[in-house]
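After the structure tokens below, expect a handful of questions from me.
Think of it as A, B, C, D, E, F and G in the order they're written, each chain with its own count starting at 1.
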Amino acid sequence: MSFGIKPLGARVVIKMVEAEEKTKSGIVLPGQAKEQPQMAEVVAVGPGTEEEKMELKAGDKVVFSKYAGTEIKYAGEEYTIMSQKDILAIVE
Amino acid sequence: MSFGIKPLGARVVIKMVEAEEKTKSGIVLPGQAKEQPQMAEVVAVGPGTEEEKMELKAGDKVVFSKYAGTEIKYAGEEYTIMSQKDILAIVE
Amino acid sequence: MSFGIKPLGARVVIKMVEAEEKTKSGIVLPGQAKEQPQMAEVVAVGPGTEEEKMELKAGDKVVFSKYAGTEIKYAGEEYTIMSQKDILAIVE
Amino acid sequence: MSFGIKPLGARVVIKMVEAEEKTKSGIVLPGQAKEQPQMAEVVAVGPGTEEEKMELKAGDKVVFSKYAGTEIKYAGEEYTIMSQKDILAIVE
Amino acid sequence: MSFGIKPLGARVVIKMVEAEEKTKSGIVLPGQAKEQPQMAEVVAVGPGTEEEKMELKAGDKVVFSKYAGTEIKYAGEEYTIMSQKDILAIVE
Amino acid sequence: MSFGIKPLGARVVIKMVEAEEKTKSGIVLPGQAKEQPQMAEVVAVGPGTEEEKMELKAGDKVVFSKYAGTEIKYAGEEYTIMSQKDILAIVE
Amino acid sequence: MSFGIKPLGARVVIKMVEAEEKTKSGIVLPGQAKEQPQMAEVVAVGPGTEEEKMELKAGDKVVFSKYAGTEIKYAGEEYTIMSQKDILAIVE
């Protein structure tokens, strides 16, 4: 079943990763008890633009800029739509 | 009957989607009781520009940036004219 | 008789449309009792620039960004000179 | 006798038009009793730049953006040096 | 074992250099008792972009702009993800 | 004897013109008793850049933007180093 | 012995010139008792970028924009890493 949110341009849809997964992957964000967590999984990517090709694909675990993006709720789950420029790195 | 508002450049005209439709499509915007809803349907699109081709077409359900666009009332209905850049994603 | 104000670059000269005409065309701007009306008719267009071709022509009914443009009085009538970029849409 | 101020780039030198001439040409600027008048005559133009060709020539009557430009006094007369981009329209 | 954080675009992952190493390399940052140290080692580099090729490689000792970058904790260690533009110089 | 300050890029070195010279050339700057005078002579020019060719040469009398440039003292004289973009016009 | 700090991009490393040298070269900066001196010697230059070729070389005496650059201490000496764009002129 394909995901129902299709980002425009060089945007991506990401979903926050739960604390348990974060421990497994080895990433912990400093001060995360006080701040919004910054690690997430990409669930959908836009087509990109002429200026900015997509470097990300669905399934990538990523770290992103705090405060970036717009939160939406879809089918009972919370997602964030964000510009690829605000994604800092892929975590493997 | 064609729609009477023709956006210039890479702009679109959108119409807010009522709460009932939002439930059917599965999208709920967090805190929407307090804030202006961010989901809408595209009713008209401009020709685009050389820098920015149109990715949207009339009928697309979209999520957009809060506070973007200019509201107008036409034939008794409220619409918003908005730059395509402020449209975040298509929701299917 | 040609109109005596020739806009430079990608600018246009517009004239506010009276409330009666607005009703006929079906456009009503929300809150217009409190704010400056945003619908107008194009009376003159500049030659455009290499970056921005003219999409508008004299006679077009348009909706424009609030607060944009410079007002002048010419031959007893009030006009606004405005960048084409501040014109949002043509209303038919 | 050629005029002694040669603007650089895409700048022009303009001279404010007196109230009498303004009445003849039919242009009146709203609120001009309170604000600095915005109509002027071009007295010299620069060579332009690669990005911006000159659209104006000496003798053009123009309307310009309030607050734009730098005032100088030359041979007992006051002039304003201004970027062509701040000239809104030619008035005929 | 390859490093598990892959920066996107022209970003790098750096790790602060301890005070002991700083003494060996001869670099001391003024006021470092009060401010966050500005010397680090590059541990991973992104692919670069068309506008900005990568000049840095893993292992480079670098000096960087104060306050730049985003801190993350990975496998128990603290790192900073930073744009290459915020790296000032390589120290040998 | 060549002048010892060589501006980089599209910068120039200028020297303020004394009040006596200003009277001869016919330029008087309004309010100059209160403000820093804006007329000067070019004493050295940089090589220019690809984006901005030099239009000025040493010896040109110029009018410039207030507050632009950096003042230096060289061989007992005060000069200002300034971007050519801040020079408004040549006065003949 | 080559200098151990290699600037990235179009940056340079400069070292402040002492007051004695300043007197010899004839440059005195106004108000320098109160402000940070603005004259320096270039000790290392970066490779430049496609947009900005290097105009400076090690050994050049330069005047630079106040407040520009980042100070570092290396082998017991203080240096400043600075963008070439913030260097105003070479003093001979």
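Points to keep in mind about this one:
Here is the rule we use: a residue touches a chain if its C-beta (ideal position, glycine included) is under 8 Å from a C-beta of that chain, and two chains touch if they have at least 3 such contacts.
According to UniProt, the chain labels map to these proteins: A, B, C, D, E, F, G = Co-chaperonin GroES.
Here the structure is a predicted model, which means the values were calculated and not measured.
In whole angstrom, the spacing between the mean C-alpha positions of subunit B (Co-chaperonin GroES) and subunit E (Co-chaperonin GroES) is 42. Centres computed as Cα averages put subunit C (Co-chaperonin GroES) at a distance of 24 Å from subunit D (Co-chaperonin GroES).
Centre-to-centre spacing of subunit D (Co-chaperonin GroES) and subunit E (Co-chaperonin GroES) amounts to 53 Å, using the average Cα coordinate of each chain.
In subunit A (Co-chaperonin GroES), no residue touches at least two other chains. Chain contact topology: the protein chains form a single closed ring, every chain touching exactly two others.
Passing around the ring starting with subunit B (Co-chaperonin GroES), then subunit C (Co-chaperonin GroES), and so on, the chain order reads B, C, D, F, G, E, A. If you check the complex, the residues on subunit F (Co-chaperonin GroES) that touch subunit D (Co-chaperonin GroES) are 25-30, 38, 55-56, 63, 65-66, 84-85, 87-92.
Residue ranges of subunit G (Co-chaperonin GroES) in contact with subunit E (Co-chaperonin GroES), taken from their complex: 4-9, 11, 13, 44, 46-47, 70-76, 78, 81.
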